[in-house]
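Here the chain labels run A, B, C and D in written order, and each chain numbers its own residues starting at 1.
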């Protein structure tokens, strides 16, 4: 059995690195001509959009991850593997962000559809990994710091199910009407923020 | 309610990553010819200037961030969101640094004006986020480790207000006389260092 | 004598950074033409294969590293040097991963043989460093948190010996039949996962 | 007064990030032709030399930094500024490493002289910052965890003075006979390792 603090430190490290290296995406555009820095930077608004989205998304994922593990007292091998799998998908957000930024520059419909599909699929996978977390913990009271958390995790399961369906809608929408896909994707991320806000209010206070 | 140590570890992680990856900006210049390494490196002095500035700036921001959270005992959702927003702006310093370095190479007036404006705007936003921190904490004694800190945060509010006005001056100055903008920007960062020095002397000692 | 928690935090930091920066390998392919993003990304499957492999590998190495140090109470200079050497080899996995990804793109037999040989050699070295860890700790009861762990480390020695021979087989196989080399390499990594699963079940529970 | 654990965590974070991102220097060489991966990688031996050197160097600097702060109980503003300055120089090692690797590829004498001079200057500065650490702590017993450490820091002052003179010799040698410069530089780093080994043996054991 692993103690919680180390897996939490390891995961926190990955979250903080991931959220920080996103900024490396901001590079001086290739087509930059002297005296045109303002225009060159303004043309990078897609990167800014994708950055704000992904920064917010990873930030909220960290908040949920953090709160979940603060209710966990012991880690077994299954939880460890689940955690590594979840983090694996989350690190790929760096890639999906740069694909989205790139296709928002060219505004090519097919590219944009693919980038949104890829991002939504990834988000769907991440939501499903959080569902697996909550489901597993709700059925493993021996890992929890208090038996009160069992009910809490059972209730929390609805959140990733709901966000999964939003991301699934984004997936479908993107391939019908590109901008609808983007709106659903943003909605999914905002939903996480809203869900966190509500969860915090209903959490058993220490 | 989140415990302070985890949000602090997460933020410390981001600060230390951000301050370290700044050095990735130093790359061998493209126009480098064999036997000319010295000249090629000397031509990178703008990167060094921007690097020293930004490293110092982030270092001091960390000192303030650290000291602030060492007075905080509990974190609520608002403080969490405020922290993520503040850190979001701080990570963008990596980008503003590379824009400044680039425009100090070409010395193109328009580019330099824009790079300084962007940097000053970002610094203004960061100062305002620190003002929001102090203001919020001064009115939320329930989050503080000791009620003595309430007065301290109320007094500290002046610092980011003052630095905000320096950065606002930098913003205006940059668009009138480029070098004046740079001087004000550096002055703002030096002011933080000075303010930290003073704050440390007046802090309630543990 | 160094306390365990700091060397563990330092090593955890390196593991989490290394596992996160692997994702920087995913970049938009050079030959990307507008409207072809899907094809361009699909052609990056070798990077995905190498990424999944290396992420899993580093993840499992971290699990073993973590569990080992949770049995260690004190660190001497030799263990410190051993740890830095082991981590040195592990950081090079980033490089071997990109070589493997690159040669899976071109599918050039000679390149693929070299990339697999390099990866297998590295994995061999890493396994040998873990053998050195277990061997050293099994003979230094003064460093352990409990004398029970001495026997445990003696038993654990077999794991890196076994994986070393798998990686040695991968080395030979790669130079005879390329795909056999890849299969042995993947088998070595899966073996680690299997060994961890077994080790966790037999570990003295706290 | 800042507690030691946070500044240590922040510094440890920077050390572990810095030592990990060194590996990003290993990139597929530009002149790489299909089927020539082995030759292309073999031509990167300079990067490997510079990498091993710098990894070892930063590793030992961390060991000294770690041991120093484990004797410190409280941090004042001066120690904080000293620490940030020291770390500033250490992060620049990433840059000096890539300059050295580059000039070992071309083997151009003038470039190599400059790269070695730059590296030696940086190492000189880092040694001087460690001297400043020890000197400051030897005269500030109020910051130490035990008064016994005062004598220890006074004795430790000789180490950075000695390594400074080795790096100064490297500086001079590099500009007379290039390879002598490289040998002195490596000697300086090996000296740190040797000094650490000796220091560990003479340290007051907890």
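Some notes on this structure:
Criterion: a residue touches a chain if its C-beta (ideal position, glycine included) is under 8 Å from a C-beta of that chain, and two chains touch if they have at least 3 such contacts.
Small disclaimer: the values here were computed from a predicted structure and weren't measured.
Both subunit A and subunit C derive from one sequence, and where they touch, under half of the residue numbers involved are common to the two copies. The chain with its Cα centre farthest from the Cα centre of subunit A is D. Subunit A and subunit C have Cα centroids separated by 26 Å. Computed from the mean C-alpha positions, the centre of subunit B lies at a distance of 37 Å from the centre of subunit C. Each of residues 9, 13, 17, 21, 24 in subunit B touches at least two other chains.
All chain pairs that touch, listed by label, are A-B, A-C, B-D, C-D. The part of subunit A that touches subunit C in the complex is made up of residues 1-3, 6, 9-11, 13-14, 17-18, 21, 24, 76-77, 80, 84, 88, 91-92, 94-95, 98-99, 102-103, 106, 108, 110-111, 114-115, 118. Considering their complex, residues 8-9, 12-13, 15-17, 19-24, 26-28, 34-38, 41, 52, 55-56, 59, 62-63, 66-67, 70, 196-197, 200-201, 203, 205-206 of subunit B touch subunit D.
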